[in-house]
Each structure stands twice: as C-alpha cells, then as structure tokens.
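Down below are the structures I want you to see.
Look at the two complexes coming up: chain A is in both, with chain B in one and chain C in the other.
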Partner chain A sequence: MSAVVDEHDHHADDHHDHGPEKGLLRWITTTNHKDIGTLYLLFALVMFFVGGSMAMVIRAELFEPGLQFVDPAFFNSMTTMHALVMVFGAVMPAFVGLANWQIPLMIGAADMALPRMNNMSFWMLVAGVLLLASTLFMEGGAPNGGWTLYPPLVLQPITVGKALPFAVFSVHLLGISSIMGAINIIATIFNMRAPAMKMMDMPLFVWTWLITAFLLIAVMPVFAGAVTMLLTDKFFHTSFFNAAGGGDPVLYQHIFWFFGHPEVYIMILPTFGVASTIIPVFARKPLFGYASMVWATASIAFLSFIVWAHHMFTVGMPVAGELYFMYATMIIAVPTGVKVFNWTATMWKGAMTFETPMLFSIAFVVLFTMGGFTGLMMAIAPADFQYHDTYFIVAHFHYTLVPASIFILMAAGYFWLPKWTGHMYNEKVGQLHFWLSAISVNILFFPQHFLGLAGMPRRIPDYAVQFADWNMISSIGGFIFGASQLLFLYIVIDTIRGGTGEKVSDEVWEDASKHGLEWTLPSPVPYHTWTIPPTSVPTEHVLDSH
Partner chain B sequence: MTGNAAKKNLRLARTLFLVAVAMFGFGYALVPIYDVLCEWKWIERDRPDDIKKVPETAYKVDVSRGITIEFMTTLNGSTPMEFKAEKKQLKVHPGEYYTVNFYAENKTDKDMLARAIASFSPAVISSYFEKVECFCFSEQTFKPREKKIMPMRFVINPEIPEQYKTITLSYTFFDNTENLVKK
Partner chain C sequence: MSTNTAYYIPHKATWPVIGTAGLMTMLAGFANYLNGSSIGPALMVIGLLIFVVMLVGWFTLQAKESESGMYNHEVGISYRHGMMWFIFSEIVFFAVFFGTLWYTRNLSVPWLGEGATKELLWPSFDATWPTNGPGKVGGDFESMGAWGLPFLNTLILLTSGVTCTWAHHGLLAKNRDQLIKGLIATVALGFLFVTFQAIEYHEAYTDMGLTLGSGVYGSTFFMLTGFHGFHVCVGAIILSVVLFRSTQGHFKPENHFAFEAAAWYWHFVDVVWLGLFVFVYLM
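This part shows the complex of A and B:
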C-alpha cells in the first residue's frame, strides 16, 4: 500500500518528490501543512504547560486562606495571564494545528491553499505570545486586571504598569495570526477539496472548522478594535470608555463580549468536530444525524452573535434587554442538545471499545453536558445576579474548557498520533493518564460550584475562612491534574520516538478507513499526500442521516 | 497547484481579508450605534453627555406625591478634592423647583480642571429629572485651594410614573487636569 502511494507521488509531480529540508531551517521556512501543524501543536503543548504552571501558582496560593506565596498583584497577573495564555496560546493554536494536519488529509488536498501565509500566521503567533510573556518581566508586572481587560480598571496606572500597550499589541498580532489562519482554512475547504467530495460529504471536523473560521474573521477584528480604543484612551486622550470625557465603560463590555461570546464557540466548535470524528470509529457505527450536526453547528455559530450581554447582566441593563438576552441564550441549549443526543445515539448499541481516545471522548460528552447545564443556570438573568463573578462561573467555564476542549485535544492526540508518526502510543500509560485526569479534574472543579454558590468571588488571592475546606480539596485536585499531564507529555515524546515499537496499520483503528480519507493513506503519513486527489470518498458518515 | 487554482485562492483570500477589515471598522461603528440604541425608550441608558440643560418651565405641582431624592458624592480614584452635598436627602413634590448646593474644594496648590458625571438609580428615571442649572453641564476649573459652592436647580417632571418613590442621584468628580496642561 505504502509503496503504491509513494509511486503515485513520484509520477504525479516531478518537481515535488523531495522530502523535508534538512536541519533546523526546515522548521522556520516550512510551508508544508504537516510541518506547520506539528509546530502549532508542539507550541500549544508548551503553552499548555506554561499556562498550567500559572494555574498551579493560583491553586497553591488558594490552598489555604491568607497570603502564602505571592503578593496580590502578582496573583492577579497570574489569573489574567493564565487565561490569555490558555485561550490564545494553547487551545486556539492547538485546534489550528489539528486543522493544518487534518483538513488537507480529510478532504484530499495536497496542502493548504496559501502555504506561505500559513507559515507566517504561525510565526506571528509566536511573536504575539512572546510579546505577551515579556510583560511578566516588566516594571509593574504583567497585566492584572483580568483577561477581559475591562476599563476603567485596566487603564489605571496601579493595574497596568507598563504592560498595557504590550498586551494590546500582542492581541493585535494574535488576532492577525488567527485571521490569516482562518482565511487559509476557508480557502482550503472551498477550493482544494477533492472533486469527489461534496460539501455534505465533508467530515464534521472540517465542517466545524469551516464555521469556526468564519467566526474568527468576524470577531477577532472587533476585539482588535476594542483594545485599540483602550490604547488611545490611555495614551491619546480619546474618551471611548472614559466617563470624564463623556465615554462609557459599559460600552467596552458590549464590544468585548460581541467578540467574547463567539470566541468561546471558536474554542468549542472544533471540539465538537473532533468528538464527532472519534466516537463513530470506536462505536463502529456511522455518526448519528450527520446533517443535523452540521445545522446545529451553524445555528450555534449564528446564535453566538446575538447573546453577548448575558456576560453582563449586572451592569444595569433595562429589563427588556435582560429578558431578550436570557431567552436568546437559552435557545442555544437546543442545537447543543441535538449534538449531545446525536453522540449518545451514535454510541447506542454500538460495538464499543474503550481505547484512550474514546475514553476521553465519552468523558467529554458527560462533563461538557454538565458545563452546559451550569451555563443554563446562569442564563437565567435574575439568578445570575447571585452567580456573577463568583467561583460558580469559574467552575462553569472550566467545565466547558478543560474536560471538554482540553480532553478532546488529548483524545485527538491519542487518535491521530499513531497515524502521523506510524508508532503506537503506550495504551497502559494512556489509560492511566485518562483516569487520573478524569477523576482529578472533577476534584479540581466540582467544589468550585459550591464555593461560588456560597459567595466566594473570583480573582481574589485571599478569602474568608468559611471557604477553606473546598478550596483545599480543589487545590489538591489541581495538583493531581497538573502532575497527570506530565504523563501526556511523556506519551507524546515516547510515541514520536517509537512508542511501543508496534507497527501500526494504515487504518490504525479497526475499520477507520470507512470513516475518513486520512486512514486510507499509509502510516506514517508521507511528507506529501494527495498530489492526485482521491477519486472516491468514504460516505459512511452520511449513511445514517435518515 | 495550477495557476488557475492559485488565482482562485488569492481572490477568495482577498475577499475574506476585506471582510476582516470591514469588521474592524464595525467594531468602531459600534460606538455611535451604542449611542443611538441608548436613546431608545425601552433601553434608556443615560450617557454622561446626555445630561442637558432644560429651560425652566412651569409645571403644575403635584403635592399629593412625595419623592425622596438621595444625593451621593464620589471622587474618582485619587482626585485631590473635597466634594459633598449640602444635604444627604430631600423630599420633593413633582413639578416643584428645588435648589441644592454642592461644595467642592481643590486640595492642591495648582490649577485644576475637573468634571462631574451624574448617574441615576433607577436609571430609567433620568429623563424625568430635569436640571435647569448644574455644575455637571461643563468642566469646572479651580484655582489653587479654591472652594466653590455650586447650586444645582432641578424639577421632577410630574409625568414620572407612580412607582418611583426614591431616586438616588450620584455625582462623581473626575480629575481632568492633564487636559488643562495640554491646552
């Protein structure tokens, strides 16, 4: 099989038969979608540990009431930077990395549509994150007014030090990087698809990324505009948000969340796509309700634009506004529910096996649903006055990000690493990693619901003694969760270097080739693939759309 | 990739890039859109700039109703001023004119430019609270250590719905001296 495909490569395109360049320069100048995908994924992995270390500082400080290890300003820097690093440095780049690796393989394209721009968006991401990280070493420290950068707090000298302009320019770079990535993904999906693949034949991962890319193009520029207004308010005496000059700080919240709400779906829609790819393979059934999955994704994306003010129920909105945003938010539960039921129905009466990627995916379905339910609780405007800015919201969004997005990124790693490297990962260590993560993530975040309902505010380094017990339990869960992720690091390195030594077959997982084009390629995937587009595509996933 | 496909990709990329640029503009367009939406009757979010001077008109005084007005005075951040109202609260009848004095003092040895921003609770009554004279209409300049007595003359429009019995009016003084230096 492998030999045949290699021959195809040689005959198809005579100036295309070289492998990767030698040496370090390969990684800097590469325009190969697989190389760039690898760069994105490794960068995201590094940032996952950087952001994770910040979380460890936070949990260590909150282990007991009182101030133990860090001063409050640094603590606030940690909460701010943890969020920014995890959102813009870890989760988003990881999904762009998966998109780079998988979309061309899944749609039968030779590479991304705009390979040079692809290289540029990666290195711009690195520049943006380095610029952000540099603020940690500045006089006055890193930004510490919260990742939402709300004025007037963020404009006050005591909270910004010298960091604000650097944080703003970092957001500009990260924004341009993700917009270029999104443009590339859209162009690839629209123009580079194998002629045999119709839109409604596309794997769900490709569909969800297509919709996510449109969200990115629509909202990243708005965020860039909002932070630019902060910058001019601070240094050029404009008064967008400055009440003394006739501005309104609440306006910032509206603009920010017009970006911010679609942003949270930018992090979860590709998650849905990966889950919809993995679950059918291990349930050995076609995905239940393919068409409804596509429409649910599109509906969620549309609704994300018209619900933003549910993040700010307490700013003093008129009742009409509260009611509108409350009901609009609740409607999102409908398409999301469609998805959860479809995943469950896919597993129903399936011949299921429980390899590590499947375990992470099942945990995702269960735990993400819990995060969704707490979201519904907070959608109720009058109740939200109680939950607002407490640990309840912290528990909510961590349930939708950690055991959802992060778990699915882990699942994707276990699922595709054997395909990419040609080596099998160590299943025993994988299972250990899963169980440790799944148990500790609940010890870490579940008690935060109780803390929030009891009234513990977020973003504080010290707290009343009544919150001591649950905080200690949460911190213990946090330390176990943090340490467990070192197992993942070990597995990734080990698998790249040979894994169990077992040679994996081309389809890696039983009958996977029925579920996606990538499994019909040899393992490891050659440096150049689909120089001749496939003539037929698996349509297993559309079969069940009755 | 054939030249044709490359051209197609570039064309699509250019279109999408223009969409991104347009969305950057849309972010800025949200500023005037916000101002317009705040004027809508059912939103009624008062903007600091909206506190306009109203000519004194004779209303029929409604002595059957009494509304308590509470006055709050705040200094933004570390604004070096003294600022207080003559009384903490005042019982008023809709339609009758009242004058309340506010006291402000510049605590520095330099000239000072400061601006008072008003805020109402509940916010929706702001359009019934009509001021004919107020220090909040414009920026105030203070000489070094200057003390000022600043009268605020107002009337509650008798059309105010029955349900409002207490209104809190809060003023915050912002130090704009930096702008004075610029001028």
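This part shows the complex of A and C:
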C-alpha cells in the first residue's frame, strides 16, 4: 500500500479539505475510523452507566433482607438486562471503539480496510441495543430468565411476556455487528499494515484483537443459532429443547456455552492487550516475553473452545465429561500464568512512575489474578457442586470483568485520551477516581466470596438473614463504586473540553514513541493519518523476543 | 478509464444506516407479528422494502466504482478477506444445526430411552431415529427418503457448480458468450433446486405428515434444509445480479471480485448440501 485516495479527489472542483463533515450528519454517515471509534466509545460509556444503574437497583434491593424497592420479576429483569447491557452494550463496544481508534494508528494504516462496513457495524450495534432496551417498556417487562436465556425457563409464558422475540432479534443484530467489526479488523491487520511492520513487530494490543476477531467470527453465529432455536421452539412448534419431542434443554446449554466461554475471552483478551501496551511505557522497559505473550494469547483462545461445559458441571453430565472439562479448564491457568508473570517481570527493576493509567493497570494485574484463582477453584468439578449458582461465581466473574476489563478500559481512556484530544486530563482527579474505584470494588465484590461459600444463591431478590451483614457491606461498596464512576465521566468531558489547559507533547508519556507508532503522530491526532505509511516502526516492545 | 494505485477510502456512506434502519424495522415488525400485534406485518413489509432499496443502491454504487477503476489490488484483497470470513461465519452457523442433529441422534435421544428416564417416565418409548420423541409430538409421520427428489437435487447442485466454474473459465478467457451462458445455466439450476425443494416440502406436509412440528426429527430436518434452501435463494439472486452485470459488459479477467465472491458463496452452499444429503437424508 503506497498511498491513499479519497473520493473528493475525483471531483474537478476538488478542495483538499480532509477535515470532517459539518453538523450531525458527520456522525451518521462517517467512514472515518477515528469518528467511528469515538461513536463506539461514547455509546459504550452511556451503556456503562445504564447497566450500572441496573446494578444499583440490584444492590439497593439486596441492601437488607426482605423485599424493599422492586418486585421480584423486575429484579430478575434487572439482573438479566444488567448482564446483557454490560456485555454487549458496554465492554465489547468499548473494545471495538479502542480497536477502531488504535489499530490503524498502531500499524500505520490510513483507515480501516472496509470503511463503509465499519459504519454499518456501529449502527447495527445501536439497532440491536434499541430492540433490547425497548423490552423494558413492554407488557411483561424485559427478559428476566437470566442473560443465558436458558430454556425451558425462558420459554414459560410468565418469564417471556412479549420480550423474547425482541431479545432474540437483538442478539441477531448484535451478532451481525460484531461479525462485521471482526472481519474489518482482520482485513485491516492483514492488508493495511505498514510494509515495515512484520507480524511479530505488532503491538500486543493489535495481536490480541486479531485473535479476538477470530473468536468473534467463530462464536457469534453459534449464539445466533441457539436463540433462533429458542424462537422456533416458542413460536413455530419445534422440539429442539423439548424432551417430549425428543429434544433436550441441556443441548441449549451446550450451544450457549460453546459461544459463552469464548465470549468471556472476547472481553478479556483485548484487556490483556491494553495492559501489555501500558505497563512497558510506565515501567520504561520493553515488554518482557513478547513472543510468549503472543503464543499465550493464541493458546487461551484455542483452549476457550474446548472447556465450555465447566459452566454446567451440575447439569448431569457423564463423569468422563466432568473430568475432561475439569482438566482442560485448569490448563488455561498455564498461558494465563505466563501473562501475569510477564507483566510482573516487565515491571521488575523498571523506572516506574504511577500515573493513573499505570495505577489501573497494576490493579488489574493483582485483581485479575485473584479472579483467575477463584476460576481455578470452580474448575474443580466436585468442589463446584458447592459453589455452583451461588454468589461465589458472581464474585469470580465480576473480579475478571470489573477490576480487569473495566479497569483496563479506564486505563486506556487515561492513556490515550491526551493523544486523541491533545489535552491532558486532571491527574489529581484521575488518581482520586482510581483509589475510590480500587477500594470500593473490593468492598463490593470481596464479601460476595464469603456469601457464596456460605451458600447464598445468585439471582434472588431476597435472602436468609444470616447473609445480611456481608450483603450490606457489599451494597455500600457498590454505591461508592457507582458514584466514583461519575468522576470518570467528569474527567472525560473535562479532557475533551480542554483538560488542564496544558498542551501535551506528541509523545504524551516519556519515551512513549519507542513503544508505539501512535506516539510519533501529532497531538491531537489529525483527522487523517498515515496516508503514507511509516517506513520504520518502533521495536522497543519486541526487543525481548530477539 | 484508469486504475488507481492508491487505496480507495470513501468519505461518506449513507447506505449502511439506511440498511440498518430497514433491517431493524423488519425485525421489530416480525417480533410484533409473533406477539400478535396487528402492525407487525406492515412494519415487516416496510422494513423489507427499505432493505431491498439499500441493497440495490449500495451494490449499484460498488459496481460503478469498481468499473470506473477506483479499486486497486489492495482494495480487492480487503474485499476477499471480507467475503472469506463472512462465509466462515455462515459455516459456523450451519455447524450449530449439524451439531444439534448429531447431539440429538447420538446422545439425547438414546438417553431418553435408557435408565431411570425409561423406567420412570416413558417405559414404552423406543429410542430409534427418526423420532418425534416419547410424547409423539406432531403425530405420526414418515421420514424423508434420500433417493427421490433429494438425490436429483444433489445432481442439480453439483452440475450448477460445474456450470459456474465453466462460466468463470469463460470470463478468464474473455469469452463473454460462455460467461453469460454458464451463468444462465447456474442460475436456472439454482432456481430449479428451490422449486424441487418446494415440491418436496409440499409432499412432506400434505402426504407424509412431516412438519416443522414433527418432534425433533421434523425440527432438525426443516431447520437444516430450510436454512440451506434460503441460502440457495440468496446465492441464486447474487448470481442473477452477476449475470445482469455480465450482460452489461462488466468484469475483466484481472478484476472480477463480484463474480468470485458469488462463486465462492455458491460452492459453499453446494458443500453444505452435500453435508445435508449425507447426514439428514442418507444416514
């Protein structure tokens, strides 16, 4: 790829203005990867607060035993919608937004490979979320059978109301959106990369997204197929999940988790990628074990396809199946351990400074490791019979999602916002946001381990009195965590509007240009970048692999 | 007419958001229809119309741009990546239903006919395939044989794969006549396949008692063959567009991505059918 042409060049009265369109239409019709990245990120931020509000409803109801604020069906809607909104509306789109912004900047590409499809990916996401959100206002309310949509529960009249077909079609649209986004990322990385950048020169964020994109294409159609069968079982008399007709409800669980397990890595692999990008910059050292990071990512992705039934140990599988899924799951600890040790070794004897992105990244390494360990505990099939469907699992996956994925998304915001906007965020408020978040997230989720081990089931609006104390503490942590995120909202708006007023350098962070191509561009990043690809690429991050 | 050396990046796109609105309207309409709301069908039709307008508009734009030489070699590679991974996602989608058939036949149906399930719940259930389950859901039915219309359809699709390749050779050899004839034959065989499948479905519903509601056999049979039939229709429509463009003088031996994409899609549909013939009809 030598140069890039845009469609203005084909008109006689060509004005060589490469800036954005004026007005609202710019955001609807844009094909610019930075505009689309911004749309994704802002949409994800809004959804983060929508999903977060639902979590506040849940924690308020669980503040003390008994039914206080909402009726049980609405409570179940909140747990279901909180999960769907956070997974499909907040975390996944936020990482796609980062991919849109960063991948072309990091690999020296002028834009994404398929810009029109990029626009469609975003609007399909909005359409999918609109269909899902519309169920909140319907007779019978939003889906309330849990985000996994297990039959036969989700097919019962009392559980579905009018929501089921909307939820199913929402999943279809979100799937189309994700698949188009993933195809675009693959085509961009393979076809638009600067010729000077070899595959094993690519920043870890690009590598992890490449692998995540394959996961997305391989599993989103699986989820689409599963919910399609739910729809036909409900409305077209099929018997896929009906034992009387020869079907099996457990089949749905197998299909769902064949999607669902890779799906959780879709949310964590880009997290790893961002952490691997941020930590070396603030440790002022090359990433330790670049090649092993790449291979660990690929191994985790592969393993994610062959461990799904560890979500279903108590469903009544043959013992051979339980044993296989137990051991296969434990193997995942090996490549994950490689990553944790690599991050630690990167920081070892580094000239570290602790700006907000680094603080969030270090907290990620520590707290994600804990989420990983509780995962190992539940991988032990016989022990899982005690933890299954209790608050222990809730604590586990929230540790891997909130102080991991969400913290790293925050870190990414602090890390790249100065580059994108040309303004520095307020470091003091940033650090306040970090410490409030890091402390409250542990007050929120750590007690849930105790609740789970003591036997408190998940997805209930009321509970026995012996669980009261830890629930109250957990709720207090939840309210502090929720309120703290308003600081992030403030910082994002403030930074876009000028931040501290200090003009940031092109590098933003000391010596960052040794670590990534994006730091060699001006701050703020121009609307069009790399129309001529760079002839050399920084290799600080891969020094260690040679 | 010139061929660009630079990668073409469009600056504005209106069709994606229009297409999204169409698809969303169509699905919202369908959901309303399933819920028994009277505005459902109208919404579906409006959504479908918007979607079709988008397809025509967007593809016309792409064809114009391609013919005016705006796409260089790299753009073509991006499109090939796009089509290749789209087909991969379709393969996975079909794999779900093949997997369902495998799981049902080899695991869940045998489990229904053994152990405590048999003794306590359904002692008289004979766990053999084909089955509509211990509840005899959908009533008595006959299963679909392999050697009538399905075998004929196998031959038809395989032949259409050959005519498609023949057309491609014509395109590469600058033999426009062979290109057009090959495509006409391919499209005709495609629609012939769909017609025979319609006849097969009609027989199943009227003479054999076999419906979508005939327990898990009917469910898997119609889901697999139905989604495949839908894909044959889509493939035949894509090939019709390619045929129309061929008659307009489009495509060159070194630049005919649309033809290639359509041919890949057609071969994919063909291979899925072979899987169906073996696992749904023969075994």
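The rule is short, and it goes like this: the second predicted complex is superposed on the first by the 528 of 546 C-alpha atoms of A that agree within 3 Å, B and C clash if a C-alpha of one lies under 4 Å from a C-alpha of the other, contacts with A are read in each partner's own complex, and residues count from 1 in each chain.
Here is the rule we go by: a residue touches a chain if its C-beta (ideal position, glycine included) is under 8 Å from a C-beta of that chain, and two chains touch if they have at least 3 such contacts.
Predicted model only: the values in this text are computed from it and were never measured.
Partners chain B and chain C, brought together by superposition on chain A, clash. In the superposed three-chain model, the partner touching more residues of chain A is C, compared with the other of chain B and chain C.
Of the two partner chains placed around the shared chain by superposition, neither chain B nor chain C is touched by A:Ser304. When the shared chain is aligned, chain B and chain C each come close enough to touch A:Ile255. When the two structures are aligned on the shared chain, A:Glu21 is found in touch with chain C, with no touch to chain B. Of the two partner chains, chain C is the only one touched by A:Thr29; chain B is not.
Look at A:Ser405: by the touch rule set out above, it reaches neither chain B nor chain C.
Judged by the touch definition given at the top, the superposed model places A:Ile186 against both chain B and chain C. When both complexes are overlaid on chain A, the residue A:Gly321 reaches chain B alone and has no touch with chain C. After overlaying the two complexes on the shared chain, residue contacts for A:Lys162 are found with chain C alone; chain B is out of touch. Superposing the two complexes on chain A places one of the chain B stretches 25-33, 79-87 or 151-159 into chain C: stretch 25-33.
Within chain A, the residues touching chain B in one complex and chain C in the other are 110-111, 113-114, 117, 179, 182-184, 186-187, 190-192, 217-222, 224-226, 229, 237, 240, 243-248, 250-251, 254-255.
By the touch criterion given at the top, residues 1-8, 10, 21, 28-32, 110-111, 113-117, 119-120, 123-124, 126-127, 130-131, 134, 162, 165-166, 168-169, 172-173, 179, 182-184, 186-187, 190-192, 217-222, 224-226, 229, 231-232, 235-240, 242-248, 250-251, 254-255 of chain A touch chain C in their complex. Contact residues of chain C toward chain A in the complex are 4-17, 19-21, 23-24, 27-28, 30-31, 34-35, 58, 70, 74, 77-79, 81-82, 85-86, 88-90, 92-93, 95-97, 99-100, 103-104, 107-109, 111-112, 131-135, 137-138, 211-213, 215-220, 222-223. For chain A in complex with chain B, the touching residues are 110-111, 113-114, 117, 156, 179, 182-184, 186-187, 190-192, 217-226, 229, 237, 240, 243-248, 250-251, 254-255, 258, 316-318, 320-321.
Chain B makes touch with chain A in their complex at residues 1, 5, 8-10, 12-13, 16-17, 19-21, 23-28, 30-31, 34, 42-45, 47-49, 76-77, 115, 117, 123-124, 172, 174-176, 178-179, 182.
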